[in-house]
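Here chain A shows up in two complexes: once beside chain B, once beside chain C.
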Partner chain A sequence: MKKHSAGSTAIILLILIYLLIPLVVSAIYSLFSNWTGIVPRGFTIEKYVEIFSDPLFRAALARTILICIIPIVITIVVVLLALFVTAIYFPRLEKYVQIICMIPYTIQGVILSISILSLYVSNKTILGNRLIMLIGAYCIIILPYIYQGIRNGMRAVNMPVLLEAAEMLGASKLYAFFRVIVPNILSAIIVSSLLAVGIIFGDYVLVRNLDGSAFQNIQIYLYQAMKSDGMKASAVFVVIMAVTFAISAVVLYLQSRQNKSAKGAK
Partner chain B sequence: MTKRKYVYLLALVPFIVIALMYELVPIVRIILNSFVSDDSGLITMANYQTVFTKLLYRKAIFNSIKISLLSAAAGIIIAFLGARAAHNSGGKVRSVFMTILNMVSNFAGVPLASAYMILLGNSGVMIQMARQFGWDALANFNLYSTNGISLVYVYFQIPLSTLLMIPAFEGIRKEWQEASTLLGANNTTFWGRVGIPVLMPSIMGTFSVLFANALAAYATVYALMMDSIALLPVQIAGCFVGEVKIRNGLGGALSVVMMLVMVIMIFVTNAISHRFEKGVRK
Partner chain C sequence: MAYIRFENLNKSFGEKAVLKDINLDIEQGQLVTLLGPSGCGKSTLLRCLAGLETVTSGKVYLDGTDITDVNPRDRGIGMVFQQYSLFPNMTAAQNVAFGLKMKKVPSNEIDTKVNNILDVVGLSAQKAQYPSQMSGGQQQRAALARALVTEPKVLLLDEPLSAIDALLRHNLQVEIRRIQQELGITAIFVTHDQEEAMVMSDVIHLMYNGGIEQSARPIDLYTQPKSTFVASFIGHYNLLSAEDMQKATGEKPESGNVAFRPEIISISRTPIEKENCFTMHGTVNVSLPHGNILRYATVCNGVQIDVDVLFGENEVFDRGDEVYLAVSKSECVYL
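Moving on to the complex of A and B:
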């Protein structure tokens, strides 16, 4: 049995080493000006200073953060409303809402972006605006994650009972939904929004296909750095991965707390 | 009362509007477009004819399927070993392993391409080391080829597939392994006759997710090779972006082919896992 678990640990270690090598190598590469032998030489943080003092980089970072917020807010509100109505008044429609929310899983970025592009590119109204198209596309691409998060949250809080209690105390269903249910599933909403932030933060396909390079987000910045300066690209890479890991760390923490409280409730 | 109930349907309107505008109508349009000629605007099958006769597109279909199958197969094998190891070790090792997998599962697209370029690109760190030490096999490695791309794809398949497979192993009971050992089976026999057949539905489900994941991957490969590789997503985007004239019909036909490939894979994996589920029930 002992031997068995040693073998398992070895496999896990091998996989982890394989997964971490590209990350570690890029991080080291960004910090040393000369790495041709085994040992990297010439430690410097000059590339980090360079990118953070580059107004283009700061603008790209700001754009990426801004473009996260709008689609996430829209999608959360829209999905909350839809799930509220279907869960309480029209349970039979729920299946269709689910199907619509799950389609983006299978079509993914390329087909979605070019479909939207080809439909609206020659539109003269505001719908033809590239940024509007991008926001619309982001709403759809994060739809499955927001839907599942909210849906799971609603299942966990036993919505019918809570609503009934609120109604007996004289609240309307709509009021009860937004004042009782929504605060109770807030952590589920936060987790799914963070997942959505992660997706939009990592997006290159949609922004490239829909906005060309007019809307330079952080991924486009990285792409351009890659073509010119490997060391600078590695520094941008480290910044992107640090943000991504921070987001997923918060998600994991919140999820484990949720699971614990769910278990405690049982 | 019923009248008031239907007032609430209004709350569904924003959802339906967004879904129609940015999901359903665009996709239906792209499918319809695939039957319209880019030159004459008439209804035609010519786009599909081009897709299946022109060498570039045939190669794109072939390469896409090949890379997706290869990377999904490699991903599932590694995931099987990794998830089994996690299942056997349990406790702290398992949770650390899962945390790291979760973190790394976001590592794809342009950042992944950039990391591999530093590692194995033409003047990558490992390539230069290999040159110094005279390891020709590694020194001559070409990242910018279908094999090189497959390697990068395998990377982003591993965290996803392992995370999907770990819960499945909870269905394997310790007693089964003990029982089969008592009956004289060794480890290999157990996994071949009991373990893998029981896991087959999860393996197939994961395989189809991995296949779809690789088939649709675009950012990673574009960042490394731009338009110079024959792959379906790259050729589809090429029909719409960066060209003087948008080729709706041809791009539509390529998109439909890509969606069909995905649907066929889902059916195949479903059929296989269904057979195993039946076997278990008997």
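Moving on to the complex of A and C:
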């Protein structure tokens, strides 16, 4: 292994500082009430108490979590079934599935939301419901991440042989898929869904364009807080970052566990 | 009717015919080997019996019933695969129990059966281990136990030892043969390794290019190849055309090609006088030690003849030495 030179360490430190400054400054800003002198005074966690006791904030947080879960579950089920069918019955279609699942990478949120609106806004069925539109839009946005994660997981297990082995032992293909393949790619599924959680948590554009302020998620709450109280906005921002960090930590933990079990295999 | 019968079996992948009109009978209680070079159709034939490939035309019978269109899971066939195929999320014991659970065997019965079969394959100590904690040999033993525990009518083994290193492979060959004879189960073993086929089988079906080239007991296949392909695939036959034979020995053989095994040739520094022999005179070109035997590649009047001698009890020759060779005419195979 190469020894790290002082230069590369310095560069990494600089980048770290650059990335952490906004976060640290926001955290400090949210914790002090008096900014008239050079050194801030008046340490207080009042803003955190305030936002956590604000039912609107809790509702926004709950909504955001709820609006995360539904599209993720839908997308995982759809991708799993699609990959199952292509792997077993139509292996030649796999590359088309891949292309379709990768397209959303290139679509900007604004374009996607405007397109969905113009398509469905005059629809009188359930598809015209703003919330359904939002869920659908999130499904599209997270599709590449979920697809890539699950497909990589499937590559790591030898799916055709495992399915054939299960079939020879008396299991149906679908049963074998959910009993044998899915448990083996579970950590891949979890990792990709946590990625999707991060994406939906950070969304402002889609929810703003599709639902306006009718559906107040955490980003909308943040936006409104910014207009009224900078200190409160900073506190909200810190909470969002904390939740995102927590998600990342879980992802890293799961990945390291997966690597460990992969290393154990000879 | 034989226990297993393939009748006029054809299988094509698109335009490519992989199995061409196979007719094959397999008797109950035997271990038979499908032997052949890669791409000869041996694995495909096995998979047709398992039901993992559909046949293009023809019939497959097992135990008197036509199973051509029966679902793989209803055929009562156990299979061990080439790649490790244990379910990674289950322990050895859970893997073995999988097939019994599918059959809805009561759980106390499952435990007894699983313990018994793990004992037979020598894995009792590993029953709580996951596949990633087991060696390749242990994994294939567990896969064997998993295939055997449901008491299948026939056990299929698709090159199960090809990923395992040489020493362990030899042990497992003997082991599989022992278990097969102990349980009296009918087994079909696919391999491209002729030594493995020789060691394990009651009958070898040598396949070539989508057909059965020769079916025989291992020793008969070795000593009496029926075609030039069999002679070139089995052992290290010297396979000479009539012209080469005349160049090397000065005699024209009665017909066609002549094949003789390198270990039946006598080699000496002085001319060999023997009745009914082809005699040759040449020089040693290469000497290759194969452990217990030494293989000399000699050149006799421009024709290469390989000679095997047991190492130790024979005179050792060097590159460039002049040698005389003799091979009994009755031991040659005329093809």
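Operating definition for what follows: the second predicted complex is superposed on the first by the 258 of 266 C-alpha atoms of A that agree within 3 Å, B and C clash if a C-alpha of one lies under 4 Å from a C-alpha of the other, contacts with A are read in each partner's own complex, and residues count from 1 in each chain.
Going forward, a residue touches a chain if its C-beta (ideal position, glycine included) is under 8 Å from a C-beta of that chain, and two chains touch if they have at least 3 such contacts.
Just so it is clear, the model here is predicted, and its values are computed rather than measured.
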item: Overlay on chain A: chain C relative to chain B, clash or fit; value: fit
item: Following superposition on chain A: angle at chain A, chain B versus chain C, Cα, nearest 10°; value: 100
item: First (chain B), second (chain C), both or neither touched by A:Ile45; value: neither
item: Partner chain(s) touched by A:Gly7 [first = chain B, second = chain C, both, neither]; value: first
item: Which of chain B and chain C A:Ile69 touches, first, second, both or neither; value: neither
item: Chain B versus chain C as contact partner of A:Ser26, first or second or both or neither; value: first
item: First (chain B), second (chain C), both or neither touched by A:Ala59; value: neither
item: Touched partner set for A:Gly230, first chain B, second chain C, both or neither; value: first
item: Chain A residues touched by each partner, larger count belonging to chain B or chain C; value: B
item: After superposition on chain A, the shortest CA separation from chain B to chain C (Å); value: 8
item: Sites on chain A touched by chain C in the complex; value: 157-158, 161-162, 164-172, 180, 183-184, 261, 264-266
item: Residues of chain C touching chain A in the complex; value: 50, 52, 72-74, 77-79, 81, 83-89, 98-99, 102-103, 131-133, 135-136, 143, 146-147, 150
item: Parts of chain A lying in touch with chain B, wherever the complex brings them together; value: 4-5, 7-9, 11-12, 15-16, 18-23, 25-26, 29, 35-38, 74-75, 77-79, 81-82, 84-86, 88-90, 93, 97, 100, 103-104, 106-119, 121, 127, 136-137, 139-140, 143, 198, 202-205, 208-209, 212, 219, 222-223, 226, 230, 233-234, 236-237, 240-241, 244-245, 247-249, 252
item: Complex contacts: residues of chain B adjacent to chain A; value: 5, 8-9, 11-12, 14-15, 18-19, 21-27, 29-30, 33, 78, 81-82, 84-86, 88-89, 93, 97, 99-119, 125-126, 128-129, 132, 155, 158-159, 162, 212, 216, 218-219, 222-223, 233, 236-237, 239-241, 246, 248, 251-252, 255, 258-259, 262
